[in-house]
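Scrolling down, you'll hit the structures one after another.
Next come two complexes, and both contain subunit A; in the first it sits with subunit B, in the second with subunit C.
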Partner chain A sequence: MATITPVSATAPAQEVRRGGGRAPNADPAVMRAGLGTALLFIGPYLVLFCTFVLAPIVYGLWISLHQWDFLLPGKPFVGLQNYVDLLTGGSTTSETFWNSMRATAVFTVLSVPLLMVLPLALAVALNKKFPGRNAVRAVFFAPFVLGVAVIGLLWRYLLDPNVGVINYYLDLLGFERIPFTTATPWVWLALVVPTLWWTAGYNMVIFLAGLQDISAELYEAAELDGANSWQRFRHVTLPGLRPVTIFVLTITILASANVFGQPYLITQGQPGGETRSVIMQIGEEGLRRFNMGSASAMSTVLTLALLIVSAICLSFLRERTPKEQKR
Partner chain B sequence: MTHTPSSPILPRRLFLGSLGAVGASAALAACGGGSTPPGAAPTSGAFGKGDTYTGPKVALAFWNGFTGGDGPFMKKMVDDFNKANPNVTVSMNTLQWADYYSKVPNAVASGAGPDVGIMHIDSLATNAARRVIVPLDEIASGLELEEGDFSPVVWNAGVYQDKRYGIPLDIHPLGFYGNTAHLEKAGISELPEDREGFEAAVKALQDKSAVQTPFWVTATWPAHLMFNSLIAQFGGSIFDEEGAKATFNSEAGVEALQWLRSFVDSGASPKNVSNDAQAVAFRQQRNSLTWDGIWMMNEWEKVKDLQWAAAPVPTIGDEPAVWASSHNFVVTTQATKDQNKLAASRAFISYISERSIEWAKSGQVPARNSVRESQEFKDLTVQSTLADQLDHVVFPPAVPGIGDVTQPTWETAVNEAILGKKETKAALDDAAKKADAMLKANQAKYQA
Partner chain C sequence: MSTATTAPPARTKPALQEPGSRSRIPWRMIFLGLLALLFLTPLLWMASTSLKSTAEVSQADLSMLPQDPTTEGYEKILGAPQTPVEQWFLNSMIAATGQTILVLVVATMAAYALARLSFPGKRIITALVLATLFVPPISLLIPNYVIVSELGWLDSLAAVIVPGAAGAFGVFFLRQFFLSLPVELEEAALLDGASRWKIFMTIIVPLSRPALATLALLTFLANWNDFLWPLYVLFSPERLTIQPGLSTLQSAYTTDYATIMAGGAIASIPVLILFLISQRFVIEGIARGGLKG
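== the complex of A and B ==
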């Protein structure tokens, strides 16, 4: 989308000016040339997209209509049975699947607000000028460069109920040990806090970039109009960050909904299967049990759910844009 | 190591003994270079019996999941084989077991996988049904291997639909470990063998050795392996013999799980023990008794001031029984396209199998009787003590997909019961319902 807009709007307009006084977008030849340029630009990516994204999606949908184990000779076509089983609880895995959907939803709802607010606050604070600013920024970003296996094991041993460091000190100070990795509601803490520590720095960096794009003149003007610092934040910073916020929100929701490593390593799905995420479930169904048909159906259901959630979030944030422009 | 009424406490330091003779017999067995036409089943005797290969040059890909302390032992044996067989180059590829089992089928199907691999006994049927691995009856008879050469329980477990798919390398049972310093303080000189003795020891450790929590019962691995041992001791089983129905919610199952749970209730075990925590505690001497895999002995060895001993898992129920698994050599569909590879595979399997005393040192019990009865093995005190359990190890039925049914069902039930999330009976019943459905779905899947 973004690539096409400037080509059709600005580039032809410049052509036209040189050509002498004709109305923009009027010449079909220019339009055709514009389209060709656009296709040329997106062409290489389009090929990659079709090969590695579109084709697998279609293939996945096709697989989801079968009872599919790629090594067994029979891959019977079952129509929508995999979906029906999931939705009516007719299969052995539907209950586990919906449990894992619920676990994923809980994790997303708990983590996303924190992953928006904290990085924004950090970004605003670290956008101020003070000595050692870059070092502090680096410190907050640093955990993000670690792999999930590293942070998973690290936090698993920090949080372990009996041999963990945190509980060791709790015990020493005379408090009761807390079963962070084995009992609700603590398990959610054991998943959300490491995630926050791990990825907040990434969102912070994007917010920082967004902050630096807001013109200093706007703050100056607001200050002249007598706006205090909260009002400047509310009426200059937040609106200025809207496009960035939409982006950060979307990727954060998607990342949280795809959570795998943290529950796999830190809580191991405990207690029972309460913190098994949907990606864990799909991976197990498709790549361990090799029931690729029902695993694909699960993926499709998850994708649809994520599309709906993303659409709701986007419309929620976009709604106010026209009002802002009117002002 | 015989049937004395109580197992003696073993010294911490293990004298591994000198093992210079190994490998000397490398170039002994004769090996005819005859070949059969491609596609034909390898007939017995086509390559003779033995552990050398003299055909044209061939490369063998050998994959396994020995990512722990066991890896270097296997690597060394592979290197020795390569030296003894200049015409074969075995390249070993090691990856995490979980990744291994999901990657091998793909890799084999695309021809870029292993020719020879290692699989656990409960994965053989699944991979046989999925045509990842091929029957080894000809290889076994070519090598003149038979039941008499191996512990019968593990030899028979490698058979699926009347065909042999695995050549057993080892058996690795659960073991019982005790902190001898703690035990001594509690006035106990031998690791207990039965329920009474075990419970008394726990009590004595609490009272006299000031170990508040002597026996940590985990909610995850290896709790379900302890449960599997116990249910068999109480006369039950996880599944019925055909692997068609879950039987772990029987009275025996409830009793077994209740017994484990009782230590958490009485405070002899902390609540909420995750896997590894019990092992960490054993290393730090915060608990005194633990049931864990035989391979953990190497971990205990590494701890300088830990004094420990090993014994068979005590008989809590009516009869001795213990969970175990077994590493088996397998040959993949990929290797069958090349007769020379098959011949080299056979030589390789034979070579390693005959020298499995080396492998035993990594914390395993060799499957071969001749190796197990050797003085060299008897000198490996911990391994040979835990090998006494071989007559009553329990394996799951050889049914495809059986390994997949464990985690979501009875492993989860054990977790819920030990965490106190569900009543023992309810947890097992819920899981059994699910397991029955999964077993049925597996039957349908592998028959289709």
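== the complex of A and C ==
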């Protein structure tokens, strides 16, 4: 759920400052409340927040500084050794970790462009009233409400090398059967296509909301100027969607970089760990082998990478917006 | 794809320029209709395969429709002690409902305090809560496992109900909504001597029904579909929720896809029904959660 929000959080952050400064003067009676009352309202959430969000952030870093075997009583402090092991390589752990980072990067690069283009196309096509529009929109969105385990089992069946539906039809049409779930490059197809089917509708819904915010007058003006459909798309739709596009791009990159269920269920990391994602690797290392120290160090490295990606995406948003307004 | 993107705007006002027959052919609808059919196909295969016999799914000839519809797969899976799907279903219902109630109560109250009350430390708390929206959930996985284990919650539903309710999304979402409500009603109620709690329960909560419904649906769906966390914190077959439970079907039934698809269908039906009756809230919630502000 946290993935739904990053960009929107930037605007409210400004609002906090505005709201905090303004409100006491504007409506003092409504704002005024005893500390006890305030605690009554916010206390229960703060307890949860501190226990399961704030403390774990710090605790995770602490764990990463230890040789932390969950099942053993002694958890010796090792300083930055876990990070050094990961970054300098040499050990099998670091090798599998960087392989999983590579697999995650490949998946992200392959999936994100499709997850931008198809949803945008669908949104533009749906951004006009016609009979059955809501039904069509619901169909595109529907796969998203199914859990990844359902998606995984279903596509595992459709793509099964021996008894799968897709190979049955390939056979029927005279093509050779394809080992979708066990051999490169097919495994990437087996991860990207189900992901596209699963989440395209989600991005489409956000694009649609963005399209509805573009004023119809802009299109009319462009048409009067003799702009054709491509020019209108290029010069009205795309600039109007810039903030939304950056937002969708950010959450899509983050979602793809956090891929877990699809490789866990569809390819099971095959062939030979080639499609093992970094989240799979962290889960395996920390919660199956219980080497929590090195798994936490992996989490930190991934978290930093993701924060850098988000920061780059968000800086696009900040830089470009003023220019847009000046024009 | 690029042709698909460019085509639609061309037809926004075709009648003005070319009153000829070209505009009569609803290309947009044909294109979208075919694509929608393609999107539905995997689901139709899941439904139809779940109604086939084990023998039929493994034979050389496949057909979209079951030749001899049977509930064999459902019967096999509903009675199985190692894969108690009905228990997983119940567990998921309890977990998703429980977390939804917890989020509604706790986040609504916190959001109200952050939107309307002034108290020391409010800015810091607000900033901290909002900042954690950017923290990738993976960084919480290992430490929360240790914390949940210390609390004695491993392999219990508490582990999949409580920690997930601490996320900042609900608070953020509702705070935005409360800030958009006019303060006059509350001012009037305060002048009438109403307590803060009474104002909250009789003014704020009723006014926020649509936002609360949206948050409830998003929370329920997210919990029902959660996979990574329950996969690791639950382990006894009878304690699993439906998503990690389903993932064990693959090793239990290998290529008996009729049975596996029956499990998939059982897990999908409630969320699909919930989505169909509430799609406006779900879709608007996502659009709003993403774009508000």
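Criterion: the second predicted complex is superposed on the first by the 257 of 327 C-alpha atoms of A that agree within 3 Å, B and C clash if a C-alpha of one lies under 4 Å from a C-alpha of the other, contacts with A are read in each partner's own complex, and residues count from 1 in each chain.
Criterion: a contact is a pair of C-beta atoms (placed from the backbone, for glycine too) under 8 Å apart; a residue touches a chain by one contact, two chains touch by 3 or more.
Note that the structure is predicted; figures quoted are calculated from it, not measured.
In the superposition on chain A, contact of A:215 is made with neither subunit B nor subunit C.
Once the two complexes are laid over each other on the shared chain, residue contacts for A:72 go to subunit B alone; subunit C is not touched. Shared-chain residue A:162: touches subunit B and subunit C both. By the touch criterion defined above, A:128 lies against subunit C but remains apart from subunit B after alignment on the C-alpha atoms of chain A.
Contacts of A:118 after superposition on the shared chain: subunit C is touched, whereas subunit B is not. Which of subunit B and subunit C touches more residues of subunit A is settled by the count: it is C. Touch criterion met: A:181 reaches subunit B, while subunit C stays clear of it. Contacts of A:260 after superposition: subunit C is touched, whereas subunit B is not reached. When the two complexes are overlaid on their common chain A, residue A:289 makes contact with subunit B while staying clear of subunit C. Shared-chain residue A:149: touches subunit C; no touch with subunit B. Residues 70, 156, 160, 162-163, 287 of subunit A contact both subunit B in one complex and subunit C in the other. Within the complex formed with subunit B, the residues of subunit A that make contact are 67, 69-72, 74, 76, 91-93, 95-96, 156, 160-163, 177, 179, 181-183, 268, 270-273, 284, 287-291. Every residue of subunit B that touches subunit A in the complex is listed here, in rising order: 98, 101-102, 105-106, 109, 129-132, 216, 219-220, 270-277, 280-281, 284, 401, 404, 407-408, 412, 415-416, 419, 421-422, 434, 437-438, 441, 445-446, 448. By the touch rule above, subunit A contacts subunit C in their complex via residues 1-2, 4-13, 15-16, 19-20, 23-24, 27, 29-33, 35, 37-42, 44-46, 48-49, 51-57, 59-60, 63, 70, 117-118, 120-122, 124-128, 130-132, 134-143, 145-150, 152-158, 160, 162-163, 165, 168, 197, 202, 205-206, 208-210, 213, 219, 223, 228-230, 232-233, 237, 244, 247-248, 251, 254, 258, 260-261, 264-265, 279, 282-283, 286-287, 292, 295-296, 299-300, 302-303, 306-307, 310.
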